[in-house]
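Heads up, there are several structures right after this.
Below, chain A partners chain B and then partners chain C, in two separate complexes.
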Partner chain A sequence: MEAVDEAVVLEPGVNAANEGQFLTFMIGEQQYGVEIKYVTEIIGIQNITSLPDLPHFMKGIINLRGKVIPVVDVRLRFGMEERDYDERTCIIVVSINDTNVGLVVDTVAEVMNIPEESIEPPPKVNSKANGNRFIYGLGKVQDNVQILLDTQKLLFDEELEQLSAIT
Partner chain B sequence: MFPFFKNKAPTPSGSGENKDVTEIKLHRKKRSYPPGKIAVNDTTIREELKFLGLTERDLGVVKAWKDVAQENMDELIDAFYTHVQNFPQTRDILHKHSSVERQRPLLTAYVKTLFSGVIDNDYLEMRKRVGIVHERIDLSSSYYIAMYEIIRSVFINTLKEICASDEEIQDFSESFNRLIQVDTALTIRAFNTARLEKVEAGRKKQEKMLNNLGDEILGLTENARHGRLGQRIDAHKYEPEVRDVLLSINEVMDVIMEPVNEALSVLKEMAEGNLDVKMTGRYEGDHKQLQDSLNTTIDRQNELLQAISSAVKQVAGGSSQVSDVSQSLSQSTTQQASSLQEITASLTEIGGQVQQNADNSGQAHDLSRETQEKGEQGKERMARMSEAMDEVKKSSDQIGKIIKVIDEIAFQTNLLALNAAVEAARAGVHGKGFAVVAEEVRNLAQRSARAARETTELIEGNNDKVNRGIRYAGETSVVFNEIVNAIDKISVLIDEISVASREQSIGLKEVNAGLSQIDRATQDNTALSEESAAAAEELSSQAEELRGLVSRFKLRVNGMGQSAMRENETIFDYN
Partner chain C sequence: MSTLLNDDKEILVDFINESNEALEKTELVLLGLEENLAAGGDVDENDINSIFRTFHSIKGSAGFIGLVSMNQLTHEAETLLDNVRKGKTDLKKAHIDIFLEVSDTLMMMMNHLHENFSEEGFPGDIDELKERIVRLIDDSTADDGKTKPAKKSEKKKSKKTEPAPQKTGDGADAKVTDAMLDALISPEMVKQFVVDASELLDGMEQDLLALEKAPDNMELIESVFRNMHSLKGNAGFFNYGDISQVCHRAETFLDLVRSGKALAEANQISLILQVLDFLRSAIENLDAGKPAVISGKIGLLDLMSDVLSLEEEVSPSEETPEKASAEQEQKETNKKSESQEQKTESVSSKKTEAKPQTNAAKKSRSSISDVIRVDVEKLNKLMNLVGEIVISESMVSHNPDLRALEMESVEKSISYLQKNVRELQELATAMRMIPLSGLFGKMKRLIRDLATKNNKKIDLIINGGETEVDRSVLEHISDPLVHILRNSADHGIEAPAAREEKGKPGTGRIELSAKQVGGEIWIIVEDDGNGLNREKILKKALEKGLISESEMDMADEKVWNLIFQPGFSTADKVSDISGRGVGMDVVVRNVEKIRGRVEVDSTQGQGTRVNLRIPLTTAIVDGMLMRVEETIYAIPTLDIKESLQVGEQNVVDLMDGQEVIKIRERLIPILRLHELHELSFKAKPLSEGIVVVTEKGAQGIGFLVDEILGQQQLVIKPLPEYLGNIKGVSGCAVLGNGEICLILDLSNLIKMVEVP
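So, the complex of A and B:
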């Protein structure tokens, strides 16, 4: 909490084009981050309507103020164990190529500045599996490491097409 | 009459002439008869000869043919023995007592005397001897008659062969007949006389035998009458016939006396105190009864004396024990008396203690009542405390709900602040001030959430403590219940102690009374135990005397049971 408190202090004079700003969230004990420029809004968990014949990580759709938005469970997308939703579960609505997608996460943490020099590329291991394809870099904030996600790659193209088809 | 005469060849005459028989008869002169002689001293025999018609002339007539007889003697004797051998009876007698060879000379001599022409004392003596011998060998008189007849027949045949005249044959035949009759009579007389003497001797012997037998039996009876039953007849000095009878009588006496003698020796042993005896002979009938009766008597005496021995031993042991017991009883009663004094003193002390007990138990009773009341109060207070705890818990639950609402608000506020921050970030430079405000709001929301979380933790801690308090109160309540119940039981026990103390008080009085009686009884006991000791001494000496009396008897060991045997052995060793 202390670390978070310090991390969220926004330094004045940081680029106005919101470069280096990330919204961080929790999956289990690990903190992940997405570039804030993709984030539309954060909402609490909603009633999700499931649809037939979708990939298993696609939980369904929600109605957000009259707009139908598909919802992806990040845990399932990462091949992690599924967990029941609770009052802390949030949906981060991101906009990718003018498509809005809801990402279900355990909970959101904060908005954080991570300078370019503090970001390292992901490790070159496990090339066969595509486990690292979502990772944009590893952000070092004090002693912690934020896994910064490449929102573009968070979904496959074909999957995105499916999403477009849905909306 | 005799077959062999027919086959006989004509025998030449004594002169040896071989002339025709008729011619000889014609040419021979008639034989002159020499005088015979009867020279017998015994007048009785002389009279008998006269009675039988034998004259001295007859003797001369026979003697006239003496030469012819001597020439034909072998022929005469052979004819006779041939005849004798033809009959089994006569032949057996002859062979039994003699033989032809031995008799032949005697018979020859005998026949010669017939032709001697003299009857004198020697002649008579010879006939008498023959009669006696024939009686001895039991030869029938027909033997003589046959002999004389054979000699007469053969001789007359001989006379005919030598051509004696009919007159001469007639003379010879008549004279020889009379001589033969005399001879036969003499021999038979001797035979009969000998037989009579023999019979008389036998009769006398028998008479003597019977007399001896009678005398011996009378003597035996006389001895028996005077109890001299050991006397026996000396049978060996008598003839075998009597000896057997006398030996049988001796045997009868022996058989009668054997068990009597054995019984006598057994009774002698018994008289000397030896009862380890019995009649062992094999007897039958009346003797068996005697034996059984005597043996049974001995058995009974053995049993009786063994029983007495056993009893004496027991009496001796018993009296010794009584003596010991009396002495220890005397000591005990002395100890008893001093113990009684101690007991009396102790009882007085106990009496005081019992009274003290009664008082204490009364106080304890009151105390337990008070304790019980306080226990009840404690129980009640604990119940009230439990209720208060329950209320505290309810309040905590309500506070928890409120805190949850606050936490929810803080979460929503945080979301709003994040959205505002996102919005501000997207606004870039223009959203910078807004971003600061959003951050402050977010901080406040997070502090609210933290405070709520801490409060929740505190309330949860409170709830745990309250729950524990409730549990402790319940347990304490149970303990109070147990205390109350225990005090109930204590009260009951104290009541019982009170009752028991009163009863002890009463009992002590009775014990005191009893002790007085025991004291008197102890004094009596002292006197009695001394008397008892004296009596036991007396009994012991009498048992010893009786043991001495019984030990004079030697009792039977065999055939008794083991235990009886041991008793028998020890009975004379004790003391």
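So, the complex of A and C:
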């Protein structure tokens, strides 16, 4: 197991100074962001134990210093094509309502400030991508557009509820 | 007269313990107030209220127990405090001084009480202290002295109506300070009330059940009366009208019995037991955040009055034996107070004589114990943390780099660490242990109700209630026990006439016992009823297709296990097989959740014995690790029968694709974890892997794995809730090398294979 043990541990909890701060990451060529207040740490990709009967985007569980946490592949969650993990692949550990979940992303980019006024609501037109419903807003930073994600929806969208209703 | 009457050592010690605790807190509050005052700060109303409560409850209990001087002292202190509380006077240094003095005196009195069990002979000058308080009261109310005397006389009056001093006082207080009381009651207090009330109700239920068997046992009546009274008092303080009304009515009746004016008859005890149920549901409401309303209160009160009015006309002939016994007891206690040295001994010996059924829990309460209440949450966290430490310990001790060092000092340190971690784990586990007596006690009521309902006579004999089990175990075996006992009482034990025909005593006997055997707790329910009917069970199983014709001569043990089959029981709810099997699969499922197992043994016509075997700890299991592709699975070692390599000639492929292997004339279905968990679609011949055969289920089940990795202690962790329920996996564990293994849920898996 070639686990990256060096973990970036961020200040947990909601902090006023965190407002408007986003952790951005790459999936393919596109940059996405999640609110930093939900992020507890970033770790390198590690051995994921797969489990039966899970939707394909739920990769399984990992051992985070003795804690067992589930891992979601954001790529698959968005309905994109699967891609092999490499040394740049990261797991962003987010925590909402005491639920810890790891998000597998292609690579982590940076932490950036995006003021409220630079964030536009998501486009009303629903295109082919089913990922649209996870969008919280579009952040404009210089010439780039960051797709800011609604972490809550990303983790707890109805699809999951349906899943637990079936099982 | 301040000698103790029928109140035994136990109550008094409880009172002393509680009071000392409260007084210690009060002292701190007072000191805080003093500091605050000196700094010119404002007086916190909550502080005053908390002191008031302490004095008030000591006053109430002291009055009830018959500690006159303590009652009077706290009464005066309370009056003075009340003035401060209502803003009639400002809190001064002198007040705090005197409150501290009162508090000190009370503590000394408690010590005196604990040594002598009597107020008499207390060296302190209480009267002088009282006088000084009164002087302060007079000073403080000099400005508006008009209201004072009226209030005082009212309080005095209320005191005369012993033995319920705080009742009338509370009523008056409640009116004046209604709003204030509401503000005063914090959610924690309600929680505490709920806990206390449940304890009181449990206690009463036990005593009433015992009372049914021995209606003239004064001690039991006294005990019920006291508990009812405390509950009433508490409810009154919280302003729960319904509860206190109902309690009051019940108390009045109990008082009649207590004073020998009435005899508790079976139907009346039943009524009070019902009343307890009403009270319990009100308290459950309260716990759920709803108001403490008793639905059908008016009807209940009427019903109670009916019983009551009847009681007042009881013929004098009936009361004499009781009065005599009451008097005798009084004499006894008086004698005791004379001879000081013998006292402690005689009190305890009297107790054991009078109450042979006194359980261990009660006994342990009767000495001052250093017990603290701890939030369950905290204990759970501690337990989790200990689990983590066990894992980290195994990470260290299995670390390949450290091992490679091969240094003696490292080895030594590691073994020292291992020893300490093990001890820590044992200690943490022990902290969560609770005696079974509480749960067992509840079963008494169940059996009693069932017996009454079915016109049977059943003796429930309880043994080993002091055996301790983990909290989570207690939760999980509560339902199974109810099922098993209900089966025994409903279907096992025959009607008295039928029993006598068979030459058995008319009264059936169910024995509920617990003991520790090796690493397990055995909870055994044994009845002398009709037993299981082998033929009928087999016939049924055949109908259901659970067994084949050729298996009709299977061993008894296996026949009994058939009743645990799901589907078997549901079909039998209509019941032609002596009813057994109702909900038995629920029993098994619950017990398996805590990794226990159920054993049944029965002799037709002689009785049935059900044994719940539950491992001591539920958090840590001895597991066999096995690899399937990249995934590591674990099965509790206890459940594994054998593991073997199968030759191709022993494999039978059934029509539906289900593979079965033949081991020593037994057919065992095979479950491929590869397929179940979609690990791989490469169909691999059975002969290339290893088959692990488990013992669960009627015929067992074999798992095909790639490799067996060995045996290890596993700290079980639940799977993240986020994932929902996962088929066939009950939990996971982190291994020493950081990898995760999945713990298989055998009974669930077996169901998947076995259900046609």
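What we mean here is this: the second predicted complex is superposed on the first by the 133 of 167 C-alpha atoms of A that agree within 3 Å, B and C clash if a C-alpha of one lies under 4 Å from a C-alpha of the other, contacts with A are read in each partner's own complex, and residues count from 1 in each chain.
Here is the rule we use: a residue touches a chain if its C-beta (ideal position, glycine included) is under 8 Å from a C-beta of that chain, and two chains touch if they have at least 3 such contacts.
Keep in mind that this is a model prediction, so the values were computed, not measured.
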- [ ] Give one of first, second, both or neither to describe whether A:Val101 is in contact with chain B, with chain C, with both, or with none.
- [x] second
Open item on the list: A:Pro52 in the overlay: touching chain B, chain C, both, or neither? Say first, second, both or neither.
Closed with: second
- [ ] For A:Val39, select first, second, both or neither according to whether it touches chain B, chain C, the two together, or no partner.
- [x] first
Open item on the list: Quick check for you: in the superposed arrangement, does A:Glu110 touch first (chain B), second (chain C), both or neither?
Closed with: first
- [ ] Using the touch definition from the top, say if A:Ile135 reaches chain B (first), chain C (second), both or neither.
- [x] neither
Open item on the list: Quick one: is A:Ile61 in contact with chain B, with chain C, with both, or with neither? Answer first, second, both or neither.
Closed with: second
- [ ] Would you sort A:Ile69 into first (chain B), second (chain C), both or neither based on which partner it touches?
- [x] second
TODO: Once the two structures are superposed, pull the chain A residues common to the chain B and chain C interfaces.
DONE: 1
Open item on the list: List the residues on chain A that touch chain B in their complex, please.
Closed with: 1, 5, 8-10, 12, 16-18, 21, 23, 36-37, 39-44, 87-88, 90, 108, 110-111
- [ ] Spell out the residues on chain A that touch chain C in their complex, using ranges where they run on.
- [x] 1, 3, 47, 49-54, 58, 61-63, 66, 68-70, 99-101, 155, 160, 163-164, 167
Task: chain A partner contacts - residues on chain C that touch it in the complex - done: 388, 391-392, 631-632, 676-679, 717, 719-729, 732, 734, 737-742
Task: Residue ranges of chain B touching chain A (in the complex, touch as defined) - done: 408, 411-412, 415, 418-419, 421-423, 425-426, 428-429, 432, 435-436, 439, 442-443, 446, 450
